[in-house]
Structure formats: C-alpha cells, structure tokens
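First chain written, first letter: the chains are A, B and C, and each begins at residue 1.
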Amino acid sequence: MKKSSRVMVIIMAAGMVLLGLSTAGFAASVIKIGYTAPFTGSAAEFGVNGWRGIQLALEEINKKGVMVAGKKHTIEIKRYDSICTPTDGVANVRKLAMQDKVVAILGDHCSSVCVAIAPLCDQFKIPGLTIECAADKVTKPGHEFYFRMRPSVGLMAPLFTPTIVKKFKPKSAAFLVVNDDYGLGLASAISKELDKFGVKTVLTDHFERGNTDFMVYLAKIKKAKADVAFYVGVVPEGAMILKQAREMGLTESAKLIGSEEMGEMELVSLAGAEATEGTYAVSLWGSVPGDFSKRVTKRFNAPMHYAIIFAYDALHTVTRAIELAQSLDPVKIKDAMKKVDYQGLEGHIKFEDFEGYRNQCKFVPAIIKWEGGSRVPLK
Amino acid sequence: MLSVNRIALGIILIFLLLIPHIASSYVVYVAVLAILFSMLTASYDLLTGYAGPLSFCHAAFYGFGAYTSALLTLKTGMSFWLALPISGIAVFLFGVVVGYPALRLRGHYFAVTTFFFGHFMYLVFLNARDLTRGPLGLGGIPPPDSIFGIDFSSLTANYYLILIFGILMVGFLYALVNSGYGRLIVSIRENEDLAEAVGVNTAFVKVMAFSISAGLAGITGSLFAHFFRLLHPTTFAWMTSEMIVVMALVGGIGTLVGPIIGAGVVTFILEMMRFAPELRFIIWAILLIAILIIEPRGLAGIFARIRGGI
Amino acid sequence: MEIFLLQAGNGLIIGSVYALVALGLNIIWSITDIPDFAQGSFYVIAAYVAYFAVTLAGVPFLVALVLGMCVGAIMSFSCEKFLYRRWRERTFRLAARTQLLCAIALFFLFANVANALWTSKAKIFPAYLKGSLLGFSYMRINVLLAAIILFLVVYVFINKTKPGKAIRAASMDLGMAQVLGINIDTVNSIVFIMGGALSGAAAVLVSPLYSVFPTMGDLPLLKALVVVILGGFGSVAGILICGVGLGVLEALGAIYISSAYQHGYSFVILLLMLLLRPKGLFGRV
C-alpha cells in the first residue's frame, strides 16, 4: 500500500508537471485541499464556524491565485462531515487521500478524531493541519506529516499561569470544568502550575456537556472561598455560569477566569455585558483587525468565533507552504510547512520540534478582561 | 430458485474477495465497516428478528467486547487470538446477567429498557476513566498477532480477516436458526403463551438468544478494536445502536439475509452522501420514511413482492 | 443544607419538565402503542419557534408559549395523520415496529433540520421576568406552576369531558371502544395533539432558563420515557409524582454521588422498579 501510494504520488506529480508544461501561463488549474470537520451533531458549531473562516481565506486566495511553478492555480476545498467521531474522520481522510487526491488536509476540530487521522497522514504522505485540537498527544510525540498551530492544553497552562499569579496573587483556586478530555486536561494542567506557586486547589467539579444549571456548583465554590475560579467549557455553558454566578454574588468574592471560548464576543451576546463585566478569560487571540471582524459580520451575520480565525489561518498557512514548495507534491508541501514563518491572526505561526512536541507552534495565549462588553487584553 | 440464490451468493462472495484488488483503500475501509455492521445486524437479527423482542442496546455489547479485548491485550499482553474468544464469552455471560431480568419485560417495556441500558453503558465507557481513558480515547491497541506468516497490520489483511469472520458468523447463525433451537425461538416469537403451554422453557430460550446475539456482537467489537486500534466512547453511543436497528429493519428482519444487505445498503447510501455534510442525515431520514411508506417489511419485503410473493 | 434545598428545588423544576413530556408520551403510548420518539424533536422545533417569536417579532412570553404549543400540536397531529396511521391496519408486530422506526426517523429528521437551519450553536432565550424568591428566580417557579396547571387541565379533560372519556375507554380496550361507536381516528388525533402541545409547552417553559439548541430534546425525551414506564399507564398523578421524583433524585445524586453518572441514575431506578414492580409504581392494570 505504501508503495502504491508513493507510485501514485509520483505519477500524479509527473502528470501535473506535464499538464503544467503544456498549458503554462494560461487557464488556472485547481489545487484540491481537504477539510474534515463536524458539521452535524453536538460539535457542529466548530465545523460550521471553521468553514466560514475557510471561505473567507479562500476568497482572498483565489482572487489572487496561487503561483506554482510559474502557473496560476486556484484552490478547491473538498469538505466532509466527521460528526466528531473517529471512524467517520478516518473515512473522510481516506476518501480525501484516495478518491479526491488532495494535496493537504485541514482538520479535524475534535481531539479524538485528530488522534485517529494523524497517523493516516503519515501513511498517505499528505500533510495535515489540525484546526483546533487541544489534546497534547496530537503533536506529542507527534507525526511527521501532522501539524498544529495552537498551543496544546499542556503548553498553554505554563504560559499563562504566571500572569495570573502575578496579577491576582491568589491563595486558593477552584475549577468548574466540562467532563471531557479538554476540560479535565486543562484543569489538571493549570492546577499543577498553580501548585508551583503555592496556590492551593480547593475544589474541582465537573459537569456534563449541555448542562444548563450551575447554581449548586457555584454555591460550592462560594463556600470554599476560592480567590480565583476557573471555568472551562463552551460559550453557552459559560454564559449560563456567568449569569448564575452574578445572580448569587460569586463575582464579588472570586475572580472568574474562563477558558478560550469565554474570550469570544459570543459570550457577551449570550450572557449580556452586565454578566461578563470584570471577568477574565484566557484567549488564543489578542485582537483581530477591525475589517476582518466586519467581514465576518457582513458575510455571515454571525459573531466572531475562534474557529473562524483558526480555520482562516490554517488555509493561509497551507497556501503559504504550497507557494514555498513551488510544487503540488504533498511531501514537498510537508517540507515547506516546516519553513512557514507567518504572522497569522491568532499569533506567530512557525512549526517547531521541542520538548517532545513535533510540528507544533509556540505562541503565548493572551488573557483578556471584559469591560463594558468588549475584550481588553491584559498586559 | 435455490440455484439462482446460490449463483447470486457465489457472485457476491467473489466480488467481496476481489474488493481490495480493484478498489482504493478508501473503498476497502468502508467495506470493512460495512462487513462489521453486517455482522452486528446479523447477530441482532437472531434476537429481534427470530426471537422477537425489539432491542436498542446492541452497540453496548459491541463496545463491551471491543473494550474487553483491547484492555486484555494492552494490560496483560494477551494475544489477540486468545482475547477474541475471551471477549466473546465475557459478553455472552454479561448478556445472560442483563438478559435474564430484562427479558421478563414484554413489548415496548423491554425495548425502552434496552435503550436505557445502551445509554448507561455509554456513560460507563465515558466515565470509567481508569480503564477506558474515557473521552481521551483508548489508543495503542495492537493489530492481531501474525499467524502463518500473515502480518495483520495492513488494511488488506484486516479486510480478509474480518471478511472470514463475517462469513463464519453468518454461517453459524444460518445453521443455528435452521436447527431445532431456531424453530423453538420462532415458536416463541409467534406465540409465546402457546409455546410455554406446550412445555417450552421460553425464558431460557429467549435469554440464550439474547446472550448469543450479544456474544457475537462482542466478537465483532473485538475485531473492530484491533482493526481500528483506537476506541472512543462515541463509537458505541446510542446513535450506533439506532443505526443497527435501522439497518436491520431496512433490510427486513427475521430473514438473516435482509439485515446483512441492509447494513451494506445503508453504509453505501451514507457514504454516497458525504458530499452534502449538513444535509446527510436529513436526506437519510426522508429516505428511510419513504422506504417505510413503500414497504414496511423493508428491502426483503420489496424483493418478495417483485418475486410475486406475499 | 442550603445546597441540599437548592438542588432539591432545581430537581423539582427539571422533574416537572420531564413529567410534562412524559404525560404526552404516556397518553399517546397507552392509546396507540407507539413510544413516540418524535416528540423529542417537536420539543426542539417548538422551542426555536418560540425563540424567534420573542426575539424577532417581540411577542410576549405567554404568546410564545401558546405558539410553541400550537407548533408541537400541529407537527404531532400531522405525523400521526400522514404517517403512523398508514400502518395501523397492518399486523400488530409489523405495525408496532414500523411506527417505532418511523418515530425514530422523524426524531433524526427534525433535529437535523434544526441543525441545518439554525446551526448547533445554542441560542439564549431572553429572560421575560426578573427577580427571585428564596433563591429561585420567578421564571423557575413559573415552570413548576405551569406544569401543575397543565396537569390539572389534562386531568379534568380526561376525567370529566366526553372526548376524555372516549380516550380512557380506548386506552382500556380499543376493540370494545370501537364497538361502542368511538371513532378511533378522532381519538388518535386528539391524543397526538395533546402530546405535541405538552411537549411544546415543556420546551418553551424551560427555554428561558437554559438555552435553545438542536439536541436539547434528547435528554427530556429519554427521561420522559423512563417516567412513562415508572409511572405506569393511565395514571396522570403517577406521571407527575414519578417525573418530579426522578428530577429530584437525579439532582441530589449529581451532588452527593457523582455528576458523571447523573443521566444514568434513571436507568438504575428503572431497572430496580421493573424487577420489583413490573406494572409500574402507579399502574392500574
């Protein structure tokens, strides 16, 4: 199989070159890039927002065209639904690699799927770039052909915890996290870092995804008298937590710090500026240019979401790699991915190998404060 | 008619054997999933099609077998060839324990209870983190150990392995339902009180049908675990149980062939619709209702009608 | 103690939502023998319609509630009239199977339609009332009050009115009811309209507390099915007690035992009950 796919790649590359020579400089030809993401099921919001970001990037790229070996190309995205399940994600990647013959694969959004598809990228020798999987093991120990831009759960905590300790000087911390790999992983990573500064974790509680009633959890946190309370989940849960925390006066006694999603504008639109006032959030992006936000609003009539930014950066990153490689050979594109050095909306994108991680970017997440319904990045 | 059937069977078998040589690895992968689902629906048919009670927890046994086999090989270093029968037997025994009380219930009571049992098992897979690693997924499961010099780490070898097990399982089920025991099961489906009156130990026969069906799903789970080498609770959530029920009913239960064809057809249709991610399940649900309107007995019913049957 | 009371109260409120959905399911199930999974998706659509009515058209909450009930009733009525009814004349086992499969297909269909139309991102229903009593917001208390009112209405309807008596007769002996001249089509339509309206009401009542999203119907549906079996058929009061009891038990279990298995307790209770009292806690059969 490996042999046959290698042969296939060579034939494909040869075919491309021939095609390129015969029609050089004329009509644009198409570069196919795959995208696997959840478009249905409980994680559909990530796929839907990611697809928005990709569409925005695609418009920009195709307007200009991608010059490869002196010839103008346009990009075509093949996208399939993974429903956030590993078996479907693998079917998608196999289809993208074998039927659609894409040169690179974007996705997935769910860690469980990323873990399943990363080895396939090695097997098919096609570069893959996850949009937002957070689990450490996606890039640690990692795969030659699989890349990640965002810092993983284990990387994030050491990066932002000192800021929190310096800023709030807390003595005790409480965690209210969603019961999945992301919530549990992040809570234990932060807790471990806080421990190094002598900050005690007094309470860790988890709730099921889709939970809407947090009064009791919040009452327990208030009783434990924690100085900082971390809450980890997605925006609808976070909005409910903030509303109910305000209702019982928890926001006065503790500093509330939310996970990534709680730094999204959507939080304000759901919870209201009043409920978010004076709370904090860890955010992977500090601020985006105003006209990008405007484009999102104008085009989709939707608030900004990090999946939009991540997916937008992801397609630009891969396009950058194709331009650097000056080839449509996936292996060459993979090599070029390692040379990409690009300032994305979310941060500085440069894939490195370090501390057991492979093909991983390293940028410092921001901490933002909600003031009057807008994000104010902390220094 | 019999010879026509035999010829059709032969053609299908040859076609199945040829798939890895004529199709891409994507098609082979989908074919493996289709065969696994065929095994699940065929074993499901023993309980629901032949014995009668409608069950919604087949994926729970599938998952139980998968996790048992994976954990046995991971924690004790046991060989796959030993873990496979052990997980089958374990799930069979588990089926006895669950089936004995549950099968005292009749009709939709039983159906809804199994529905909950399926959900409960999913919660166990999700939350027994020390064993299953919960939402992180259980990875690093070894492929089946090589025997006779065949290395089972490749997709093609796995395809043949699972195909052979599929044929064996269907053969076993075929022999079972055509045996005296099979006729006993059907007699219970047709009239449980009458069967009881003539001295059939209906509870025992039903519990056996339930447990054998569960045990076969467990073996399928073991095959899946060592083929996919990564287990995640969502693979065994209630959605999968529903899918098994739908596949079996679309094919037409109580025929053994129907559910197998149903699994193939449904897998194929869902794969065909990958191009329309958001609409996939909408089209699918409408198609399902359309099939029900045309012929409630499923594809087997349509075939019977074409052949001028009932 | 404070936590105990708070959580018990919340369980009471969530339980009354289970009970509302279960009441509709129970009436449908006892007459037509269909565990109507599709009610879970009418719940979702009703909540969305009410949400859009409030946010886009700015109608008062009470109007949205009635609108949600109408949407649930119309969907439920149409599904019975154009789909389930079609298979009623088939042999019993085939009919039961087909109707159940169709109900599941409808459940898939509408949940995914909601996902395609409005995405899976949850929408927050604006609060229609401010203030609270003993730590419970008025909106929470209203859920309980409305549930009690709806239960009373259903109770009176079933026990005191003529169509109600026809329904009771049909639930006891369908064949005999037909012999006595009860039009079974009409009875079916009435029970499905009631079921849909109750599901819609439950959805709209709970939306302002929580949020509106395509899979919001899954858990209430699951729990309502348990409540139907726990409560046994034909007992309106039994459904209310079991629904509320299940809600409270779950809420307390989440705090004192484990929140991870919160949605598994209902199964354990169900299994215990089935072993001890297979006819349901309040079954009259």
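Definition applied: contacts are C-beta pairs under 8 Å (C-beta built on N, C-alpha and C of every residue); 3 or more make two chains touch, one makes a residue touch a chain.
Small disclaimer: the values here were computed from a predicted structure and weren't measured.
The touch graph of these protein chains is complete, with an edge between every pair of chains. No other pair of chains has as many C-beta pairs in contact as B-C.
Subunit A and subunit C, compared by their mean Cα positions, are separated by 38 Å.
Remark: subunit A and subunit B have CA centroids separated by 36 Å (rounded to whole angstrom). Mean C-alpha position of subunit B lies 32 Å from that of subunit C. Contact of a single residue of subunit C with at least two other chains is seen at positions 112, 115, 260, 263.
Multi-chain contact residues of subunit B (touching two or more other chains) are listed as 126-127, 278, 281.
Residue positions 40, 179 of subunit A each touch two or more of the other chains. Here subunit B touches subunit A in the complex through residues 24-27, 29-30, 33, 126-127, 134-137, 139, 154-156, 228, 230, 232, 234-235, 271, 274-275, 277-278, 280-281, going by the rule given at the top. Subunit C makes touch with subunit A in their complex at residues 2-3, 6-7, 10, 14, 112, 115, 119-122, 124, 132, 135, 137, 209-211, 213-216, 219, 251, 254-255, 259-260, 262-263.
Within the complex formed with subunit B, the subunit C residues making contact are 29, 33, 35, 83, 86-87, 90, 93-98, 100-102, 104-106, 108-109, 112-113, 115-116, 222, 225-226, 228-229, 258, 260-261, 263-264, 266-268, 270-271, 274-275, 278. Across the interface of their complex, subunit C is touched by residues 40-45, 48, 179, 205-208, 210, 212-213, 215-216, 219-220, 223, 235-236, 239-240, 247-248, 266, 270-271 of subunit A.
Partner subunit B is touched in their complex by these residues of subunit A: 1, 39-40, 47, 79-81, 84-87, 90-92, 94-95, 97-99, 111-112, 115-116, 135, 137, 179-181, 184-185.
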